[in-house]
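Look for subunit A in each of the two complexes below; its partner is subunit B in the first and subunit C in the second.
And then the complex of A and B:
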């Protein structure tokens, strides 16, 4: 029993599983690997697509999907490592070309592999949550080529170098650039941004920092701006040629910041060529360029505006305080106008009518024009001068233009009343001198009426003064302003008489030697507690005067007391009782229209923030109903004789005619003037029969006979 | 006429086929034939020397598929097994072509019984749901069996082996299961499964007061904007309707049940696209009374409701057994035990049911094991199941136009329409029928 070792029987389970020959998968896979090699080696034409498709199908079918997928990744990785080496080996300029060529090859290969492995993409991938062939193809390219240590930095530096060379004026292969950049974008926007865009922007900033430093030392402001504009356009063009459209905003930001924002101060204040110089020399092109470039950066426009404003104020101040220009007012204003025109031109041509610049211009003018207290006088003098001269040789349009410009300047004046004072004087002088001239030209008679008008005004004023001083007791009561006008000198309106109240009659009595004119302004002291000066029309005054003796008046009483025509009275009452803010009277019942039974009171609560209150008259906008009827009636009345005449004319020629025919003939005759109403015609016929112009036929009552 | 240039010659398993590039172009880019041609549908690899392409496949199937590409019609000769044909179609990437040619666009009045599929599950079926591309899933007890459009069964799915209340297709790849909770274990609730592999992809949680609670999920519904609705019952009286986002899988909203009303027990949820509301119906015999309501989740408001509380029951026992909203007619259609249809106006709150008086021929011969009637609406056709048949109603007055009946399998306990097919689940023998519209006639 030396050999005590028990024999252990191992009973294995009886297996009869159908197993695919393990070599099978290996063999199939070898065929596929070989094919992938051939595809990468451009020998694909020798391959049978059907065979490869079938083999890939079989592998998936026999559950070797995982092997297929991972094998593909391994094989592709190996190939890409090879490719990476050949790209690395490419010398100098050939590097990018090689990369581009290999990328195209890889894409083509990927497409073929995808076709071969289509069955795997369709059945194996969805069940296992893997990504279809195309995606790992791109990812492997990214990891093995773009992110390989030797290529990544070289690719970046090559691309940046090319951009730099293009910036310095060399011609580069833009197509190649575009392809390479597109490759980065195809690999995902994050690859493009991280591997190219970010460093590109940094290098660009560096480049433009240096260049702008150089430029600013050796160019003047205008030339510098030209260079900056060119650079900006170049970058925008570059983006359209071979960069992602999303990069445009980013790269222009860099240029703007480095070339403009960082040197803004220096550019604007550059000696002999800065903004002030441009403004002085009307360099619209340069100014426009500056505006457009500075607009792109924060605070750029504010800076131009501030410098322009301070320059404008400075020169304006010199202009208005210059002893030389003060000697000649016309010259003074002309220079203001010239200055205004100059800057209007700059703003419209170079600053694209920017509202903020216009405001700055206005505020500057306002500032310095008012520094000189004689500005209003000078402007008036200038206008006077232009109007006097204007009559000769200058067309009306030109005068208008000059006056418009002066009005612009006039708006800047703070002491507009001073201008008014001067202008009145100048106007008076001008008018008088004109009349004198007219008199010399056309004789005394011609100007007598014009002179009469002046005289009337003058005398009325004198008379009123005399009247007031002779009646000192009247100052407390209603005051009266009367203008006495010579009939014939003034265009007049027909006057309508009305009852004036007792006080007025008394006053008028005192004014007996004069006629009462149509348009009379009275000032009535009114209200309790608070005093208001009411400026009312004659009719309104008459009504108000009635209330001095009574608190409450009904419509009839007012009508009797004033004898104002009904329609005018209603309008006048409406304007005083129904208009908000002017309602010195109160009306009962409250309503918008005036009725015959309404009664009126003084509005005790009347209040207005103005001391002087002008009570207007409600304008009769359309004819009231009775008015319309009245007009209508008048028209009808006028038509009667016309119809009768027509009837007589017709009957005189026809002698006998029946009713319907008369109506028809009359209507026809009169239709050029109006459409006659048949009933009216009938009435006229009756009337004519009565007056024995016509008679009815005895046998036929419808027939009319003309009586000679 | 010159020589035709686009002729392509194939040697398939030894048989020669000749066809043209234009015919093969019908296969589309993502197919075997698509890969043979370049972007202009010119042959990529001109056969060198050999005048033909060899394909190592079954020639009979190739003939069928080639005819499919030529005519758009699928004709399967008796000597070609269907499964083999499907395999071949998979190889060429033509499986979608086969599916869309196999049956025609759905029309309730032209349906033909295509197949009956028997299962092995114990007990009665709970629900059957048609998938979007012709497949279906059937719930039996705690298991759900998934079938693709070829009616091949995929691995069955379950949610912690809890009793399944409802199932639904989120899309053609995913099935949602709602199940009862298991006391104290946190099992049950709602789960999303891959329809092909049966893997659990996501389990949906219910959160009350920032605490994840276990719950029983009932009826399911989906909206076009990728939301999932489910009636839910929690153990601390957290009854109501839960809303989840299909994309993130997170709970978005919860509509709590108000006292005296029923939401959490609902038998049926229906999302209404036009009015942006959810129909929630709790029906007899789950509760003694029926509650039907429309919920607007934007305003968190019940915008319409109907209940038969307090309604006098006549001898006929007009109890509502199923309900479906018909947005075009502004009404809710209901059905009672005797297959009578009734309509409730959606524009009036608290209106009454207008029963359509149909002859009650069936009343005399009720089967031993009656099933509750179910309703479905498809393209303006109304379907109502009753015992062993399904009635089809059409037109504004819902005239009975067709009746689908098969004597085997007993009463229909549930049916569903989708993917241009109607699936009817019978209460006996674990069998379901597939009804299809034949492809359109040749002329």
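And then the complex of A and C:
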């Protein structure tokens, strides 16, 4: 007793007191062996943990740890050999169950032993760098059972057979499978991989190789893909249920390789059911499946993309060269739009908006649309047609949508300027016809001017072209841009008469004769550039041309020579002689204003950085008196309605208001625009009373009331 | 009479000490004894006999268990607080 006491409180001191009974170790060990034996026989309930623990403790304490450890190993080995025999003896299906059961037993026993020998684990093991009890326990199991000759191969083949059976549709005991597989995993990942996973993958590959061969003979593309998908999902499910999660990637690779990658080409090009067929028939489900499956294998998507592209180009090419559709541009474009829409649908529904496919689509469209050089023209005709229909009452939204789609097609055009050219013409025609419609709706007067303007523009262009082409000798002379305008249609431009220089007149005459050949009377107006290439107004040009024949001219001569009205002439001369940097003429005296006695010379020293110089027209500095009055009046006129509107607004909200307040309010409202004159306001109020918008209050002459 | 979460420790001189299971678990060995899958006798009866430990010693041991329990609880609580504080600080 006292020994124990000492032992617990003075741990160091115990060696001296130990009873080293040589037989002691042997005895103790026997007890433990017996205990282990009982444990393996499920007889532990008769044992006292405390006793066994104490014994083990004592052995370690008395330096018999070595004996304990090695003894343990020997004993366990012996037991395991027994167990292995019993497992081997198991028949057929019971094999796996027996193995499972024994494994569970072993684990339990191992834990118990470990608990009893805890002290050894904690003290002896670290000191000697051996492995804790648990490990040799597992290793012993592995060596004696799993790697025992008879069991190893049988185990593997049983497992694989079960998997195979499940693949062919049988139901197997998944729980059992899971336990066994877990056992392998517990024994170490290398065991799992070597003893099971590797062969499993090989067998699976073979299986799927065979299956895919069979399927591809029997099924069409769509069905085959369905089957492949099913198998793939099956394998994934298998892994979740009873395999190591790390196997998922590996087995899916096997399936993908065998079922998809190896047969990709054949599937895609399968007659009557391959990719092309799916595209033609908008089989979105099948296409989507193909996309998902092929995405898993290298180059899968690339293959789909390539086949789609070449098919698209073929069909597109046919579309644009088909004689039938070429007859009707609207039909042509409509078919293009339909095709685009179809593929957009396919890409968004089946190919999950994959950008690479979108790009392939775009490049294909671009390719074949531009094969036909008349595409731009047709597109412009189509747009034209749609706009026309748009007027007829098709909802604006629809037209918008259609135009958007056309825009997409338009982007594919490489020759967008061709489109522009055609479209301009069509647009012009369109607008003209619109005007025609307006005319029928609102009467001739309403539209005559508009019509006139458009017609003029067109005629000008045509005439110009005609003139130039019929007089090729004029190309090196002054170039002519003519706008043939119908008087009255165009916003007022006072028709100017002036004398033109000789060359210009000659040119003018030529044009006039040409034109008169086809049209009635006109006045030709020229605008031109010269030498240093001056861009000048007509008047300025006339003046300058005079200087071709004379070096110096006085104001009166110029006036006579050009017959330009005085004020305009003065301005014209001012801009040419007095503006800094643009003084193509010199004036004497050098004053800002033009006097009747001024003389003008050509400015030899005129220099400019630019080749083309634009000489503007100086704005009139001062407005003449009558003009001023006129402007003033016009402004006053404009103000009247504004004042009236303000009065009405105020009275509407206030209902009743007295005179002074009205004035104040109106002034305040209008002060952002102009300063209202009280007299004017009064006048406006009177006018409104007359027109029965307001009334004077009967009792108070100063109050006004709003009349609804 | 015996509550579910107690164990009985019996000393060499047959003194019985009934303590909470939590306290007993302070000793890993006792813990293992009680939870070992084997179905040892101890687990069956819920009592552990120590034929080599006297009552006086065993008494001290039980006292130690309780002290250790409190201390470990304290330690545990303290650790919790430190963690919460740290989390708080880290979360800004």
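Some observations on this one:
Convention: the second predicted complex is superposed on the first by the 427 of 708 C-alpha atoms of A that agree within 3 Å, B and C clash if a C-alpha of one lies under 4 Å from a C-alpha of the other, contacts with A are read in each partner's own complex, and residues count from 1 in each chain.
Here is the rule we go by: a contact is a pair of C-beta atoms (placed from the backbone, for glycine too) under 8 Å apart; a residue touches a chain by one contact, two chains touch by 3 or more.
Here the structure is a predicted model, which is why all the values come from computation and not from measurement.
On the shared subunit subunit A, the superposed partners subunit B and subunit C overlap sterically.
Look at A:127: by the touch rule set out above, it reaches subunit B but stays clear of subunit C. When both complexes are overlaid on chain A, the residue A:39 reaches subunit C alone and has no touch with subunit B.
For subunit A, the partner that touches more of its residues is C, with subunit B and subunit C as the two candidates. In the overlay built on the shared chain, the residue A:654 is in contact with neither subunit B nor subunit C.
In the superposition on chain A, A:227 contacts neither subunit B nor subunit C. The clash between subunit B and subunit C in the superposition falls on 61-69, which is one of the stretches 61-69, 187-195 or 421-429. The residues of subunit A shared by its contacts with subunit B and with subunit C are 45, 48-50, 53-54, 115, 118-119. Residues 12, 28-29, 32-33, 36-44, 48-54, 57 of subunit C touch subunit A in their complex. Taken together, the subunit A residues at the contact with subunit C in this complex read 1, 4-5, 8, 39, 44-51, 53-54, 108-109, 111-112, 115, 118-119. On subunit B, the positions that touch subunit A within their shared complex are 30-32, 34-36, 44-45, 53-56, 90-91, 93, 173, 196-197. Touching subunit B in their complex are the following residues of subunit A: 45, 48-50, 53-54, 57, 115-116, 118-119, 122-123, 126-127.
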